[in-house]
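Labels run A, B, C and D following the written order; every chain starts at residue 1.
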Amino acid sequence: MLTLKSVLTFRSAAKEGLRGPEKLLERYKSVRRQTELLTAHLSPEDQMVQSCPEASPTKWHLAHTSWFFETFLLSQNLKSYRPFHPQFRSLFNSYYNGVGPQPDKTLRSTFSRPSLEEVQKYRRHTDEHMHKLLDSGGLSEAALTLIELGLNHEQQHQELLVTDIKHAFWINPLRPVYQSGAVQRTGKGSAPSQRPHAYEEGVFEMGADDAGFHFDNEAPRHKAYLQAFRFAARPVTCGEYLAFMEDSGYSRPELWLSDGWNAVKARGWSAPLYWEKVGSEWQQFTCAGMRKLEEDEPVCHVSYYEADAFARWAGARLPSEFEWELVASRTKVQGNLLESGSFHPAIAASTDDDQPAQIFGDVWEWTTSGYLPYPGFKPASGALGEYNGKFMVNQMVLRGGSCVTPATHIRASYRNFFTPETRWQFSGIRLADDNL
Amino acid sequence: MLTLKSVLTFRSAAKEGLRGPEKLLERYKSVRRQTELLTAHLSPEDQMVQSCPEASPTKWHLAHTSWFFETFLLSQNLKSYRPFHPQFRSLFNSYYNGVGPQPDKTLRSTFSRPSLEEVQKYRRHTDEHMHKLLDSGGLSEAALTLIELGLNHEQQHQELLVTDIKHAFWINPLRPVYQSGAVQRTGKGSAPSQRPHAYEEGVFEMGADDAGFHFDNEAPRHKAYLQAFRFAARPVTCGEYLAFMEDSGYSRPELWLSDGWNAVKARGWSAPLYWEKVGSEWQQFTCAGMRKLEEDEPVCHVSYYEADAFARWAGARLPSEFEWELVASRTKVQGNLLESGSFHPAIAASTDDDQPAQIFGDVWEWTTSGYLPYPGFKPASGALGEYNGKFMVNQMVLRGGSCVTPATHIRASYRNFFTPETRWQFSGIRLADDNL
Amino acid sequence: MLTLKSVLTFRSAAKEGLRGPEKLLERYKSVRRQTELLTAHLSPEDQMVQSCPEASPTKWHLAHTSWFFETFLLSQNLKSYRPFHPQFRSLFNSYYNGVGPQPDKTLRSTFSRPSLEEVQKYRRHTDEHMHKLLDSGGLSEAALTLIELGLNHEQQHQELLVTDIKHAFWINPLRPVYQSGAVQRTGKGSAPSQRPHAYEEGVFEMGADDAGFHFDNEAPRHKAYLQAFRFAARPVTCGEYLAFMEDSGYSRPELWLSDGWNAVKARGWSAPLYWEKVGSEWQQFTCAGMRKLEEDEPVCHVSYYEADAFARWAGARLPSEFEWELVASRTKVQGNLLESGSFHPAIAASTDDDQPAQIFGDVWEWTTSGYLPYPGFKPASGALGEYNGKFMVNQMVLRGGSCVTPATHIRASYRNFFTPETRWQFSGIRLADDNL
Amino acid sequence: MLTLKSVLTFRSAAKEGLRGPEKLLERYKSVRRQTELLTAHLSPEDQMVQSCPEASPTKWHLAHTSWFFETFLLSQNLKSYRPFHPQFRSLFNSYYNGVGPQPDKTLRSTFSRPSLEEVQKYRRHTDEHMHKLLDSGGLSEAALTLIELGLNHEQQHQELLVTDIKHAFWINPLRPVYQSGAVQRTGKGSAPSQRPHAYEEGVFEMGADDAGFHFDNEAPRHKAYLQAFRFAARPVTCGEYLAFMEDSGYSRPELWLSDGWNAVKARGWSAPLYWEKVGSEWQQFTCAGMRKLEEDEPVCHVSYYEADAFARWAGARLPSEFEWELVASRTKVQGNLLESGSFHPAIAASTDDDQPAQIFGDVWEWTTSGYLPYPGFKPASGALGEYNGKFMVNQMVLRGGSCVTPATHIRASYRNFFTPETRWQFSGIRLADDNL
């Protein structure tokens, strides 16, 4: 079983600030260990499940993150290296056409072999050689960057694997529990007011600077003009969302984008994902199982369409990704993230601060911005250019991370992206409006 | 038969500049007459065809444009008015939930009744009462704006009906001809150089000002920051696109967005829509039937995915909608538009000018901009708020109009929008790049 | 308008018994004229509609039946013959791979060209040359049989075109009327009792003998063993079907085949096709428009699944095709058929006769027999072998003809066949059970 | 690992002929043990895979067969019995609406819980109580029949689980081996001649008599008339099927049923399932992994459409189920069945006998008979009436069992049934023709 204590271990480690390239080996070990802590209590069978098209089996996440180091680091930088298994290069390729062919994503749940035990060997094999590589010294700047990328890649899959197993357990009528100690540790009390913070118009620098790691899609840093706007002090709560539902929110086409309305009808949506009415009580499936809906917690697992319809109903709108980034760039990176071990959004603390609350963690915040290249965007050369660039169409940007995002993985310039009907993510709603 | 002469008539009328509200009746007659000229030579059967999900039957266009005036003008502003037929309010409603229910779009081809003759009576009935309304004087500003909107709405459907009938005739193995005199009148000679024009960075005002008619999605006018960029002197030609094809453009995943590559495989694309290889010769279906491909003409009927892949292959990119608008705002609104009667993009004239050529007309130009609300966007109240606003997701912006866009309908701030796999439009490719 | 009188004309002609090969020309003229009478009052637009996958446009029926004579008779037996149009051989080919490629069935509604006028010319051209061929004398036995086949083929399409236009008009919210004088002429009064007729077990000869025309799928005549059974005196009525509905027939899975139950849920069936509840009254769409449901009329437009579920609910079963044929072989071929001009099933007359009533006409009767080859079945050689044989899987046999089947087209050995979810046909329910 | 020895154990047991109700406990233990032997060497992960819509995970088979005894026997006949888990009644219900709701079949692969270990406990719990029930004595005739049914049900799932795991392993690019010792033990040498055996026409009794266990769909025994026919001495071999392929069998529409031809095009079939051309060599996936195609072995894993097309190409046809049963009723029940441990069809021995060879075992033989009720068919009352009866439409009958059918499970009257496009079964081709 994953104990709360073991989760907290990594949080402490993170606090010590292992950032420099000289401490890369230590960080490598931390990140890899975090992955194993998150999955150690899942059975070989649990790790086979793929319960929706967006998800992958846990075991696949374990293997694919090793594949990343093997394919992009070890095979190219460690002379003596021989791949763990000749077919894994293809078997655990997610979508890199530059690396070669890959199995259809829907087949991942059929790969009983390699067994979980074999995949764990694959991880140890990878670790052993990565340790050797990191110990060897004299790594090029490019190689160091690739290792940094591999660690961030693995952190993305940490978030995904928790997100995926939550869905897998929800699909099962037995409703297994991922982490029995989780969730309860979220805050208590009433959600504070949503009163907006105002921001002046002007030209602002947006995107990642070169101070730390960032993905290619966060660059280049560039100027953007923002109109004056207001930004809500905290995300929308379940209680506020209930008011929308009770005001016939899911039955009024005038509140919805056309594609959103079609989605409501085709998919029969009448509440966020994981909400279920049991008798007269609304309940919610969490990583700790079913429990009573907490009205003061941020609403979660809503699509862009629902976020947009709620905002219209509320007489507001969603923020753009640049509005969001301007606010976040003035906010400290802290919050209810993966290391809190809660795996669930928490009630906001007081919002009397001079900054909006819950910018980082709790729920990803849908923005009105399409996921498109920044001016001057250049994807990496080779197969890694496929990491982000080829998805720059048909998706919306989300910002800020969620309660299952690792703390060292999120930052003000971080761009997440999903298609607008996506609900299996820990995605919520931040309101904004024009400051007229 | 629609003769060239009759098409040209409206062009002359347009030249006289019928813009003011006092000349609205004259403009009303012109626009309505143009619709009838474009359809007069199509049989009742031709006007029934709906050959792809994007298209509608010609007869439906004729009825729906009258429905617009009846529903939004006559029923509300002419006291004595009684609807032509009690069921038409629902039957010819396209997508306005605020007006009431509407038939599924795919059923439009099954409505043999009302007959074409009946629909023509409906148009005359509408015209008669619109004349009365316009003659009555004392129309409110709001009503005048609605009439203006109705005329622009009808012009959109003029473009659509030609686009749709082209597809309808292409699906038919007999390959009927829409306009035998068309197409040949396009320019001759060689396409001039693509040499780019350079633009400086800065803050620019974008969107429609209040000087003339514009749709709600073009407003409000607002500031945007543009980086320095370069803009091709003319659209990409068929010959240039052939070079992409011959360089295995449709077989190299690294050139494509992920969704684009999936579209290529799922739909079996290997050339633009309407291109067919007959023996060793590339041919193209046009409004004048099949003819040899002209390498110097702008390439047309490509999806966003194809435009994007071509640009990547060419070492360039597509422009953003604001880059496009900056260029266009310095360019006179003229070009190969509907009134030229060619219904086909023409070879560009010399590009020695100080402005890029073929900004307006010929082909709609795909931009990298998602179709999203401008800062401060407010849709109209009531059902007309559904005109544009509810489609602001999952679509890309196109700019500039095409060879089937009415001349008085296009302007620098005009935003057209389609999903990225759309090919039945007269859509082409303008290259741009960063000016580094 | 098609008047009742003109429909009756052919009935008189049929009565004169034009059966022998010497009268083939006369019969040819009669059958062709009947087709034209059935369609004369439909506009060019009506004749374009294809409102469900099973249906074809009227104009296509007109052309395809001529295509049959052109392709199989004129092109092969009339030396001087030149096809009316070089592309029609492909354009109007339904499904004969032996003749060559054919357009996808769903495209038939897009063929505005050839126009109805052109198709009528095609029919006259065909008729002229068929008259010449028939006048020429000395036709081989094979050619005479082919002409007979062509006439039966055209009669099948007479039935189909009425069936199809009924559906086309029902889809249209304006609910046009095919034949305003129709329907009312159905019988009045109460439906008589269903009391069963008993039949002894034994070996019986089944299938067509060589006395008259028959399709290949009715042969060879062969022996079959039937157990003792009972056969209902008349088809199930709308009132009886209502009782099934009121007894939750559509909500009880135990009454349905598994595939049937899936169809009920997936398609949302809760009543036969064309039934609509208006306020508290059940109405039914007919060839004369919407009218109140008549409880004593035979229920019509039900799928095999519904017929089977009803029979299970009633404690009975459907008959096998051989049980049906045994009964029919002892019954005179007469009934409410196309020539009655009613286009709607009629209330049964008294069933005091020694034979079950309404064996021929009114409604096709679903049987429990899969559409499979008879022992010793040999399809015709060449493309005409595709007429029936290649469909012998996944379909159920129906027997007896309906109110839109031509009288000279039906017989005891006639096998119709549709997939079990089909409802657009005039298909009803005859009960049977084991005589234990 | 499942050793050959352990498989053979049950064969010995079967030889001792444990048929009478007094030996039911011994048979119960044998059958249950056989299931465990077949699955003992599969990992918890292997037992999760569901690689095609027809298949279920091994673990599900293990649980569902226990569910059958729990639901239909223990819950109703053992007073003290308490269900192992309150949700299993619903979770492991396959399709019995009479028992209650059931999860969608496609979700079976997502049920990581209960774990394999828990399911094995469920089996032991069931066994313990079934032993108690069987020991208790005084079981009603109905209960004894239900136990017999439960054992036959479990044997069906033994066959299915091997069939399913073969597919699961084939989908995995690593191509795991189910049973390394298998397959090689199939016969060697050349396939003997196909020379047909002739049968006279006449009235024959068909269906199960009351001498032993049979499913409801095999009854009642009844008379049928058969025409004279001939029946091939053995099934079609891979070599013969290759000749069909090399004669463009998959490219000639005239050889195929219409639905079959559509399946060939839509699914891209060009060889039986599990055949792969590696270089110039045809290989075949088996339960022992990939191996060279053996031309003398019976062809296997073909759909009804392929069997039908092959027969047409060969100038023959498939037999009806009654022709097959007439032949089988004169043949001893023996052959290459599950207990041979080969899991693969074998080369036929000499066919000089007076009976056709390989009637039982090796490959299921497609027949021309639709799966429909026999005259007088009565399904069992209650939920068990859903076992067979509700599937009697849209499927074709197969006869004779295959190399993965338990020996005590097959008989001359046994009717298997699948939709005509099914290929994952061990299904092959027996030719027949009319004896003219």
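By definition in this document, a contact is a pair of C-beta atoms (placed from the backbone, for glycine too) under 8 Å apart; a residue touches a chain by one contact, two chains touch by 3 or more.
Owing to the predicted nature of the structure, the values given are computational and were not obtained by experimental measurement.
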Subunit D and subunit A - chains in contact with each: none
Chain located farthest away, centre of subunit C as origin (C-alpha): A
Distance between the centres, which are taken as Cα means, of subunit B and subunit A, whole angstrom: 39
Separation of subunit B from subunit D, taking each centre as the mean of its C-alpha atoms, in whole Å: 60
CA centroid of subunit B to CA centroid of subunit C, Å: 46
For subunit C, residues that touch 2 or more chains besides their own: none
Each pair of chains that touches, named by its two labels: A-B, A-D, B-C, C-D
Parts of subunit A lying in touch with subunit B, wherever the complex brings them together: 95, 97-98, 201, 203, 222-227, 229, 253-254, 256-261, 304-305, 308, 317, 320, 368-370, 372-373, 375-376, 385-386, 390-394, 396, 420, 434, 436
List of subunit D residues in touch with subunit A within their complex: 43-51, 59, 87, 90-91, 103, 107, 109-116, 168, 171-174, 176
